[in-house]
Structures are given as structure tokens and as C-alpha cells.
Amino acid sequence: MDLTIEPAALLLTAAAVLALSGAPWLVLKGPVSGQRLAAFCAVSASLLGLFAAAAVLAGSPQTVYQLGWTLPFGHALFSVDQLSGIFLLPLFLVAGTASVYSLSYWSAREHAGARKLTLFLGLFVSAMVVVVLARNGAVFLMAWEVMALSGYFLLTAGQKSSEAQRAGTVYLIATHTGTMALLALFSLLRVANGTFDFPAPHSLSPMAPAATAIFVTALIGFGGKAGLMPLHFWLPGAHANAPSHVSALMSGVMLKMGVYGILRTVMFFSAVPAWLGWLLLVLGAWSAVGGIALAAGQRDVKRLLACSSIENIGIIFVGIGLALVGMRTGSPVLVTCGLGGAFIHIINHGIFKPLLFMGSGAIIHGTGTREIDRMGGLARRMPVTSPLFLVGSLAICGLPPLNGFVGELFLYIGAFTEGITSPLPVVALAAPVLALAGGLAVITFVKLYGIVFLGVPRSDEASSCHEAGPLMTAPMALLALFCIVFGMAPPLLFRLVTPAVGSYGGVSGGVLEHVGSLVPLVPLMAANLAMFALVLAFGAVYLRRLRALPVASGSTWGCGYLKPTPRMQYNGTSFSELAVNLLGMLVSPRRLKPAMAGAALPRDAAFRYAVTETVLDRMLTPLFRVSGMGFSFIRKLQHGQMHIYVLYIFATLFVLMIWTH
Amino acid sequence: MLTALVLVPLIGAVAAWFIPDNRLRPLVLPVVAFAHLALTAVLLADTPPPSGGGWFWLDPLGKVVLLCISMLFTVCSVYAVGYLRFRKELSNRVLCGGLLVCLSAMGMVTISQHLGILWVALETTTVSIAPLIYFNHNARSIEATWKYLLICSVGIALALLGLLFLAYSTYIAHHEATLYLGSLISYARELNPEWLHAASIFLLVGYGSKMGLAPLHTWKPDAYGEAPGLVGAILAGGLVSCAVLSILRVYQICLASGTEIVFFKQALVGMGLVSMAFAAVFMAHQSDFKRMLAYSSVEHVGIIAIGLGLGKGALFGALFHLLNNGLTKGGLFLSSGNIHRSYGKKTTDVVRGALVRIPWSAGLFLAGFIAITGSPPFSPFISEYTIISNAFIDGRYLVAGLFLFFLAVVFIGMALTVLPMVMGEPPADADIEPNGYKDQVLTVGPPLFMMLVILALGVWPPEFLTALLRDGAAMLEAAP
Amino acid sequence: MSPLADQLLVLVMLINIVMLGSSRLFFSIRAVAVQGVILGILPGLIHPFSAHLAGITISIILVKGFVIPSLLNDAVHKAHIRREVEPFIGYVSTLLLGAVSTALAFVFAEKLPLASEHQALLIVPASIATLMTGFLILTTRRKAISQVIGYLVLENGIFVFGLLLTEAMPAMVEAGALLDLLVGIFVMGIVINHISREFSSIDTSRLRDLREEE
Amino acid sequence: MTDTVIHIALALIFPPLLLGVIGKTKAAFAGRAGAPYLQPYYDLFKLIRKGSVFSETTTWVFRAGPLVTLAAIMAAILLVPFGRHDAPVSFSGDLILFAYLFGLARFFTAIAALDTGSSFEGMGAAREVTFSCLAEPTLFFALITLARMTKSLTLSAVLTQLTPAAWLGAGASMLLLVGALFITLLAENSRIPFDDPNTHLELTMVHEVMVLDHSGPAFGVILYGAALKLFILGAVFVNVALPISTGNALADWGIFIIEMVSLAVAIGVVESVMARLRLLRIPQLLVGATILSAFAMLLVLR
């Protein structure tokens, strides 16, 4: 490759192409051509971007670009460093695949809103690219807001259902309130730095008076976007109601922008206060367990995936928290493990979560419902999607031999080494928490995969469902391939993130080597391959046995009951009921008891079992209601009696007079 | 030249009055408007020396306001042609005449360097708009007109008293009493402080009630709510700007006096915050979207007041926000007028899913909402963010915090009203009494143009404009 | 000269009290007219004669003494209404308030830093008292006409203050002010007519459709 | 080298015998002769040679389940040291892989169960994943504690470097740890009091009910895998509970085998004297175990 390439330039080009990708279709008449063109632009831009990002991670020069502008906010600076690179990889990967996926999933023929959707999809992605490249507060904010707004339009465009609209409104309000915090953040940064341009890395002192305010505002603004508990309330609704490829982008990439923001903010400071690291650690742990607990109880495929995004963000923040604590206590190993784990998980989650969301899209496309309990037996009807989805599920549970395990492995090693070496290893408690989250993840995704794809169809939708077209399965297959490759060859992932870890955490090459030896990447690879070989061998033997021996087939053993019906199967709700009850304090499950209405013979009644989204349902909604009542009390001031209005004027005069004497 | 600024619209008004045909008459508006715009362009390009014994001159502050007014009026005049086609049933003689008289008065406001003349011009705008609010000729509109007229008159009367105080303070200082801005500024340090103080209070309250600062804003929701969208646009964009300019004149004098400015700034910040708070409270659960826009206007004059009160770097933001608010409000009111036309109602229980029924107007309304709540890449973001960041720089953390908080509350309130209006399912056509309204170039083009301007200003404000704003800010920055 | 001016100013204040007490609209209108005429005469008494002064005197007397009152009379005739029944605050209490505010006006005027030649005159207290009266009428009366009258009294108060520096205000400013006042009242008159047509009364307490619900 | 051979041979051949021992013990308590020690082997050979019945609802997942499970467990075998001999494969951080391999195994057993679409097997799967999810933190607390005691991150070191000194040193925490581990051992292998391997009321089963529909070689594989799992976790347990070591390699092997057999007897005793817990009690017991291990960790940290 040409060593004199300018990644930043390439990336800006990619961003421009993406931003305009949807535009031609606004003028093109044909229902298909425009969408195809947009997808083509997106894919080519993504390839360009991936190439550039790879070059950055490979350590090519970081030139700073300045665009001339007339806004009074310093200089429009753009640049790219390895931290940005980490986030750009999944971004472009998902952007390309999602746009191809959308060709068939949201085809112009079936969906009126396809034009808008394509346009905003391009804007959305390119805005995120700019967010990562921006080196000036105002530029960052503008890109950030464009991202947020186009996200809103992606979510609501062409969707009439009131649920989607409500989700969109909640999302918009949440993100805009977060932006208010960011406005404060960048103003404070300007106070500290003297200009809107980003401060040089490690140039600000954490002792500065504004520092605490900066961290707090960053936590609110960025944490909210990342879906860190307790600011996650907008997330499930938004991800569940968006078109699946949009959910893939939102969950796989947009959430990470919040993570990026926090990492970037921390980077400005020469050191971080102790409380920040601990706080992130605690919030991360809370999100990890709380998020997956929430997921376990869901009855809607995409809602479940959305909640598990909260879990994964939690895991990422546990990693960041470990790293920050490590920086504080000066243990480079912890820093490396934390950052390494966080970065690797950022990439991984950017691969398998989109895979799962696209899979769910295929399911919804095939069945026309989102309810887990109405599905079943899809594996027979969707022979391609089913194994791909299985790969995703295994990966997200962090099980070997797939990529999800690698990131968590780093975190475990970090926690364990701390547990061994440090005098008072509170950090080590992260390990059991992660383990618990992992166990819950297994429950959740066994439920998801098992109830959706296995068993017998529970409804007509399920029995009459059809496999998705190649345009939808191919992108999933690509992502699944990445899951397997990265899982089978973990050193690859570590190689990807090493430079970023080194430059961000200020870790020497020696420490990186050391950690590389601590974390069993090569042995893991060996173990994975060995297991793979074993499975193949057993498979061969078993198949031979089967051929040699008589094989009969009958109906499932119903323990003596001879007329089993699909409705007798364990369904999603019943599967997770036991676990959800155990986690009552986290998700406060509600039983919607059947009403025994009617005379001597009660009519058929339904029993529902749902988890509560505490923050939204128990806190915000009541808060809004109360404040609404308070407001309506004040609104009596505008009572329409004009002579009192005149009185207001004189009262104001009077007050102003008094005020000064 | 300067006098032409006042005369051209007057001639137009006379012409409009004598044109008999209801269909041809509106055409006068764009003709005059474009002439006015051209005149403005020339005046901005090279400013003629003070005329009329120094009473008339176009200083940078005047230029900013003039630019705002002229652009707004031009767009509205084009819109008016399209709009009045749907209101054939009503005679538009008064409307056209009133608009043009108002334009001429507003021009007068921008060029007058004598506070007496300024006051007269401002009062003229008040009176000339009154009949326009009554355009729809129904009970609600008459009520709105009455309240607007009386409250604004009381306010303006107080302002007159303030002027007299000011003049008297010069008299005490043993100069011959005068209201000529130049000499007031030059004498400012010798002016009698008590009378100056009283004057500043009375002028603030007087012009403040015209500007719509809470709690003097009580007429706003009624007038904005009942007036046709186009008149609302002129009210929110034009008259407010004129009132702000009058306040700026007082500001200049207080600044020159050196002592008074401290109180004046405090008062501005205080009233600005109060206005934002009022707006925030009243926008929540607001079912009438025109009234909602009125409260949003209250919010934004509050923002401008805060910007002025903060001084220093925020002044640039405040002046820029004056322009942005005018133009954005214009776009919002015009598109809301279309929505009102199409549904025949302006309450959100009927107006739903406008994006399906009238995509263009609804889309513009949504864009306007996004712009006015200070989201990039629209220009209000630039001005608001300038103000906020400067508040932080000056260490006014409480002000900045409240500012952001109110912005958030306002956004929530507005979103909960606007989003259901625009998005979601439209009501069955049975619920809407049929009316001929369809989006068409003349009714959609103007607001569209307005939004494009806002967008352009937000991404790439032209050099000359920023320079102009900087000059204006400089006039408010330090005593000469 | 000043004693006569002072007596006239006292008369102005008396008229305020009378107006606060009267319920008959025609009477109030005449009272305002008289007040206007007095305001017209006063400048001539205080300041040395000049063309400008004469112009002002005449125009004020014309507008405030004749044109506006006649406009209001027409409005009252059209609205078929004679008296202000049940104001928001009773006549007695308004009278008391008026008296109190007049007293306060005197106290307050003592405090104000006036130019030496103005110390003696009653101008400032008179103007403040009139101002307060106008405000009282505006805030206590129901009928649109009464509110217009209140507004007029308010304006009169301001004009009284204006006497301090009549030569400060150039002729065209005065003229403009008067013209605006005239047009303002004119428009108000029209509006009142429409009100009486729409609501078959000019009782502004009926104008309460425009307000925030709940 | 020889150790490796012994290790693997032992791991592959020995496990079913434990089941036999347990059975004998219980029979003895019940005053019966009981099945011969080698009965489990007979069963396995029988099953390998039997034909299979598959439900129409099942897919490839059903068939792959047992195989993947077995593969994962066998991979785990290589990581665990037996006796005082290092495991054949041993690298830093292998103890985490060890834990996650069981997760993998569990995942596939569970989805294989769900593939049949039987309400009972679904029920079993739900219980299995839930209970072992609760056992997970216990295991990790234990691992951290041990790792801190031995200052090492490799399973071999952690399990072989413990000496009786550890008992003298941190007796209390060792006691808690062993208790917690024993509970986990029983739970993971679904023995009484958590589950009754040879009950005949499906409603009460956990592990057994998941494999109702498996037959022939596949079922054999499952039984074999279960035996292996018992063996591995047992080995971990005895390594912690009785860290006895003579310098002599062969003697250590001998001791290890004796320890394992006695463990089997112990399990048999427990199963004979205890009744199966009510289903709702099980989580409480598991959480209790977690608390035990957490205390153990605290004691060690102190």
C-alpha cells in the first residue's frame, strides 16, 4: 500500500460520499435505481473508509485538516488518530452491510418512506464519521446533532404506529437534553482551553475548577447517548421500533459514539480523578447486569436485543473503568487489559449485534411479527438465517470459540491479575459480576434462539414464514464470518487494538508484550481449533454410527401425553420466568392476571408477564405528569382578564423601582 | 435615499388603498417589497451621511434590523399573494395598506437617531398592525386586537414618560433638553443619575411590553394566535426587532453613562430569564400551535435580552439571534399558516399527521421547529451557542445553567406539541371541513426560501454580515 | 404667572378624583375633555410665548378637548350604554385609592431632584397623581370606553410632566405624539364599535375567550 | 509425557466408574445388592450399539448438541490437573476458558432440548441455565480466591500448588471455599439435593428431563459427557479439599484415584441421607454458596 496516503482525507471523502449517497434518489424517478446507487455509494465509501481506518491503526501519519469557515467558533479542524480508528472499523463495516441489507429489507417497492430513509441513513453515517474526526467543539456538536436528528428521522420516517412515534419522541427528547449537557461541556472546555479547538491530549489539569463540571457534563451527555444506566430509558423503545438495519447501526455504532465522547474527554486531561474510574466501573457493572436482566424478560425480539445492547455497553464501560482505575493506581497491566478489553468489545459488539439485528429483521420480514412467543420452528423454514443467528447468539454470550469471548477474557485477566497483585483488590469484584452477566446472557439467548428457531411453530405467522433473500443473508453471512474469524484467531483482534491501547493508555511496548503473554490468545486459538477438530471427528463418527444403525422417527416424547399441541411448548415468557423472578429487584416483573370474567363458565382469558422499565415507567413519566400539573397551575396567570394584565405592567415597574432602592 | 426608505412603502400604501380590485391589490406588496429590498441592499452597500440635521442615519445596529425587516417583509409579501388567493371572501384593502404603512414605520425606526422620532415611529407600527390582527373579523380576533392595542398603548405611553425623564435629566444637567441620540451619548456622563435611572426603567418596561418580555407579554399569545400567519410573521420578526432596536438605543445611552449600564444589564438578564421560564411553562401541553409559537417568541426575546445583558462576546450572539429569530419565526408562522388553512383548525386535537396531508408545509414547520430550538446546522444554534459559551466564559454559571435548563424544558414542551402534529396518523378527512387549500409554489416557496437562508447562515454566514454584526456589537461594547 | 398654573394643576387633580367617582360615561368624557383643555392652556402660562408654543397649545386643545371626546361620544352612542355599572373595585374604594395615590404623589415629588425653577410648581405631583388615576381607571373599570378614558388620563399625566420641558420636544415630535394618540383613540373607537357588535356589549370582562385552559 | 498419557487415559476411562460407585453406595444404604460397579460401562456400550429415534420436530441442532457438549468437556479435561500433576495443557488464564467451556456445553445441551419442542424439556432447559447462572459467580469467587492464594493465573498452578499449609494458614476461608465448591459440584452435576438423576417424575427433573428425547449413541454420548463433567469438577474439588502430595508421582496418582472414589462415596452418602430440595429452595442454596465463597475471598484478602 502507498505509505503516503492521508487517512483523514480518505475518511472525509468517504463521509462526503455517504452524506450525498441518498441525494440522487430524490431526483431519480425509478423505484429501484436510486436505492441501488445509494447502496453502491455506501459500500464503496465503506471500503474506502475501512482501508483508511486500517491504515490509521497500522500507524500511518495523522495529518490535521482545517476547513475554512466563517463561524465564530475557532477553526474547523479534522484529524484521525488510533482511538478514532477503533470506532471507524465497525462503523464502516456496518454501514456497508446495512445499506446492502436495506435493498431487500426496506425495498422501495414495499416501503413508501424508502427515499427518506436512504437519505437520512447516508447523513446519519457520515455525521458519525465526522463526529469521530472532529477536533473542534462546534464541529463536533454540529455533527453530533445531525447524527441525533437523522437518527430520529430514521426511526420515525414512514412509520405510522403510535408506538414508533412515541419511541421517536422519547429518543429525540433524551438526545436533545443530552446535547444541552454537551453544550455546557464544550463551553467549559473552551473556558479551560481558551478556544473551541480540542485541547492537546493530556494538556488539562484535573485539578482545574471546571474539571469536575466537565466530567459530569460529559457523563450526562455522552453516557446518555451510550445508553449507560440510568440514562438508558430511551434505548429499548428506539432500537425496537426502528427498521432493523437502522437498529443495527444505532446499536452497533451510534451507542459507541457516546463511549468515544467519554474516552476523548478523558484524553484531554493529564490525569483522571479517582472517582471517575470507580463511577464508570460501578455504572458499567450496573448496566451489564441490569441490562441483561431486562433483556431476559423481554417478549419482543428487537427489544430483547436492544436491552442486551445496554449490557454490552456496560461491559465496555467496565473495561474503561478498569483502565481509569489502573491509570490512577499506576498499574499498566490493568490499564492495558481494561482498554484492550473495552476496545476489542467495541469492535466485536459492532459486529455481532448488527448481525443479530439484521437476523431479527429477517425474522420479522419472514413472519411479520416481533413477538417471540408467537414464533418457533423457524430453523426449518429459514435454513440460512438460523445458523447465522446461532453464531451471533454464541458470540454475544461471550462463549468460545467466537469473538465475544476475547474481549471479556481481557477484562477477566485484568480483574484477576489485580486480584492477585494489589493489596486490596476491590476491582477483582468485576469478575464475578461479569460472570453473572454472562450466565444471564446464556439464559437470554438460549431463550431467544431456542424459542424463535427451534421447536414447532406457535402461530400461523411462524408456520407460514419464508427465508430472506440473498441481499439480506449475504451481509449477515459476512458479519458472521468476521465473528468466526476473530473468534478462531484472537491474536488478530489484539493486533488491531494494540496501537490504540498503547497510544491512548500511554502503555509501553514492553507492557503490551507482557499482557499479550498474560492473556492466552495463542493457546485460545489452539484450543478453539482443537475443539473444532474434535467436533468434526465426533460428527464423522456419529454420522457413521447413524448410517450403520436403524433410525426411526416419531413424535416428541410427551411423557405419556399423546396429543401434544404447539401451545404446550415452553414459550419465551415461561422460559425466563424463573430467572426474572430471581432478579425481581432489578426489573420488578408484573403479572397481568387473567380476569375471571363471565358467569359460571369463565371465558378464555390471557395471562401476561412483563418486566418494568423502571426509569421510564416509574420515574420520568410520573415526573412529567407532576410537573405538568404544576405548570397548569402557573398557567392560570394567563387568565384573559385584561385589567389584571395592565396591573402586571405596573407591578413590573414597581418591582424594578424597588429592586434598585 | 434614507427618506425613500420611508416614502416608498407609504406611496405603495396609498396605491393599495386606491386599487379597487381585490385580486390585483396584493401584487403591490411584492413590488414595494422588492423595491425596499433593493433600497436596503444599496444602503447597506454604501451608507449615505446623516440627513435631516443628523436625525436620520443608518448605523450598524439599524442596518442589522433593517436587513432583518426587509428580507422578512419581502418573503411575506410574496407569500401574501398566494395566501390571499385563499381568502377571496375578505377584502384585503386594510391588510395591504396596513402592512405597507407598518413597513414604512419600521424603516423609520431603523433610521431615526432621535428618540422622539423613534418613539413616534414605533407607536405608528403598533397602531398600523392593530387592524391586521382583526383581519379574520370574528369575536376572538376582535378580543385579541383590543388587548394588543390597549396593552401596547399603555406600554408605549410609559415609554414616552421615560423619554421625558431622559430629556429632563439632560435639562437638569444644564444643557438644553434634547432627545437626539448623539448628544445624549456625548452628555451621558453628566446626566442626572436619578432621572436617568427612572428613564431607563420606564423605557425598559415600555419597550419591553412591545418586545414581549415576560410578564409584559400578555398580549402576545392572543395577537399571534388570532392574526393570520403572515401578520404573525411580521409581528414576531419585524415589530419585535424594532422594539429591540429601541431598547438598544437606551442601552447605548446607559452604556455611555457608565454607571447606569450595570443595572440595565442586570435587569435585562433578569427579565430574559423570567421570559424563558414563562415560555417554558406555557409551552408545555400547549394545544394551540400558534399560541405555542407566540410563547416561543417570548422565549427568544428573552434569549436576546440575556445576550444583551451578558454583554461582551454575547452581544454578537444577541444581535445575530435578533436576525435569526426574525427569519426563523417568519418561516414558522408562514408554514403554520398553511397548516391552519389546510385543517381549518389550529388545535392539535385535530391537526395530526400533517406530513401526510400537506408534506411541504409540514416538513417546513418541522424544520423550523428544529431550527428554532437551536439545533445545528441552522443559524439559531450559532447565536444561542455564542451566548451560552460566553456566559460560561464570564463565569455566569448560574445564568448559563438556567439558560440550558429552560432550553431543554422548552424543547420538551415544543416537541410534545409539534411531533404529533407533523408525524403520526392524520385524522380521517371526515373530521376536517373541506377547504380548497393545497400546497403551492406561492405559499410554500417563501417559507422554504426562509429555511434555506437560515441553513446557509448556520453553515456559512457571509463575511459582510459577520462584519456588520461585529460593528453593531462594538457599538454596545464600550463607551466611546 | 405660576400661581394660576398651580391652581389649574389643582383643578386637574380634582378632575381626577371626580372621574374616579363618576359612573356616567358622558360625564367622564367631558371631564377628560376639560382636563385636555387645561393641559392645552398650561404651557402658555408656564413658558414665554413662541410660535411653537402657540402651535402646541392649539393642537392640544383641539385634539384633547374636542376631537377625541366627540369620537368617544359617538362610540358611546353607538354602544347604547350610559353608565359604568359594577366596576371590579367599588367607587368608594377607588376614590380612597385615588386620594391616597395623590397624597403619595406629593410625598414622592418632594424626594425627586428637580431643577431649582421647578421646585415650587405642582407639576410633578400633579402628573404623578394623574398617572396613578389613569392606571386606577384602567385596572378597575369594565367598560371598554372607561378603559380608553383611563388611557387618556394616563396620557394626560404624561403631558403634565411634559410641561417641564415643552421646548425640549421639537414641534414635529409633539405633533407626531398627538397624531399617534389621535389615531390610537380612533382605532380604539372602531374596535369598540366592533366589540359592541360582536358581543352586543362593550363589557371587556366578557373578553375572556383567549386564555390558557385548565 | 507419561503423566500426560496417564492423565488422558484416566480421564477417558475412569469417570463412569464413579457413577457405579455412587450407585453401589446408595444400594448399600438401601440394603440392596445394587448394580455392578461396571454397570455404567455396560450401559454405554449398549447405547453405542442401539438404533436411534428422532422426533420430527428436531433439526441438526438436536443432533449436534451432544457432540459439541462432549467436545467442550473434553477440551476442559486437558486444562484440569489430576493429582498433583500439571495438566497436559496449561497456560495463563486457562481457568477462565475452563469456566466458559462449560458455558458452551450448557448452551448446546439447552438448545438441543428446546429443539424437541417438548414442554418438559423446555422446562428442564430453563432450570438448568438458571441454576448454573447462579452457580457462575460462586465459581469465580472461588477461582479468584485460589488464584490469590497461589499467586498464579493457571489452573494447574492454582490447583496443584495448594498444600496442607493452606489449611493451616487460611483454614476458615478454605473451609468456606470447600463448602461452596461442594455445593456447586452437586448443582452442576445435578445430583441430590438439586436434582434426582433417577427419579421418574419428569416435572421434578432438571438435567435428566433435558435429554428425554435423545436415544442411541447420542444418549450414550450425553451420559458419558455427564460422567466426565462429574469427574472434572470432582478433581477440582479434591485438589482444593485434600491438597495432599507425596513427592512420588505414582503414589500421587494412587492417592488421587482414592480421593476420587471416596468423593463418589461421599456423594452417594449425601444422596442416600438427603432428600431432594423443593425447586424454589434451590436458588436460595446456590446464592448461599455464592455468599460463602465471597466470604472466603474476603477472608483471604484481609
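Letters A, B, C and D mark the chains in the order given here, with residues in each chain numbered from 1 onward.
In this text, contacts are C-beta pairs under 8 Å (C-beta built on N, C-alpha and C of every residue); 3 or more make two chains touch, one makes a residue touch a chain.
Just so you know, these numbers come straight off a predicted model, no measurement behind them.
Undergrad: Taking contact as defined at the start, I'd like the list of chains shared as neighbours by subunit B and subunit C.
TA: Both subunit B and subunit C are touched by A, going by the contact rule given at the top.
Undergrad: What are the two chains with the top count of C-beta contact pairs?
TA: The chain pair sharing the largest number of C-beta contacts is A-D.
Undergrad: Where centres are the averaged C-alpha coordinates, which chain has the largest centre distance to subunit A?
TA: The chain farthest from subunit A, judged by C-alpha centres, is C.
Undergrad: Based only on mean CA positions, could you tell me how far subunit B sits from subunit D in angstrom?
TA: 78
Undergrad: How many angstrom lie between the centres of subunit A and subunit C, each centre taken as the mean Cα position?
TA: Their C-alpha centroids are separated by 70 Å.
Undergrad: Distance-wise, how many Å sit between the C-alpha centres of subunit A and subunit D, to the nearest whole number?
TA: 36
Undergrad: Using mean CA coordinates as chain centres, what's the subunit A-subunit B distance in Å?
TA: Inter-chain centre distance comes to 44 Å.
Undergrad: Send over the residues of subunit C in touch with two or more other chains.
TA: Within subunit C, residues 138, 147, 204, 207, 209-210, 212 contact more than one other chain.
Undergrad: Quick one: which residues in subunit D touch 2 or more of the other chains?
TA: Within subunit D, no residue touches at least two other chains.
Undergrad: Pull out every residue in subunit A that's touching 2 or more other chains.
TA: 632, 635, 638, 642, 646
Undergrad: Mind giving me all the chain pairs that touch?
TA: A-B, A-C, A-D, B-C
Undergrad: For subunit A, which residues are in contact with subunit C within the complex?
TA: Touch residues, subunit A against subunit C: 632, 635-636, 638-644, 646-647, 650.
Undergrad: For subunit C, which residues are in contact with subunit A within the complex?
TA: 88, 135, 138-141, 147, 204-205, 207-212, 214
Undergrad: State the interface residues of subunit A toward subunit B in the complex, per the touch definition above.
TA: 69-73, 138, 141-142, 145-146, 149, 156, 160, 162, 165, 168-169, 172-173, 176-177, 179-181, 183-184, 186-188, 190-191, 196, 627-628, 631-632, 634-635, 637-638, 642, 645-646, 648-649, 651-653, 656-657, 659-660
Undergrad: Along subunit A, where are the residues that touch subunit D in the complex?
TA: Going through subunit A, the ones touching subunit D are 376-377, 379-380, 386, 390, 394, 397-400, 405, 409, 412-413, 415-417, 419-420, 424-425, 428, 431-433, 435-436, 438-440, 442-443, 445-447, 449-451, 454-456, 517-520, 523-524, 527, 530-531, 534-535, 538-539, 542, 545-546, 549-559, 564, 566, 568-570, 574-579, 582.
Undergrad: Can you name the residues of subunit D that touch subunit A in the complex?
TA: So the residues of subunit D touching subunit A come out as 48-59, 61, 63-64, 67-68, 70-72, 74-75, 78, 89, 91-94, 96-97, 99-101, 103-104, 106-107, 110-111, 114-123, 125-127, 129-130, 132-134, 136-137, 139-141, 143-144, 147-148, 151-153, 202, 212-213, 216-218, 221, 283, 290, 294, 297, 301.
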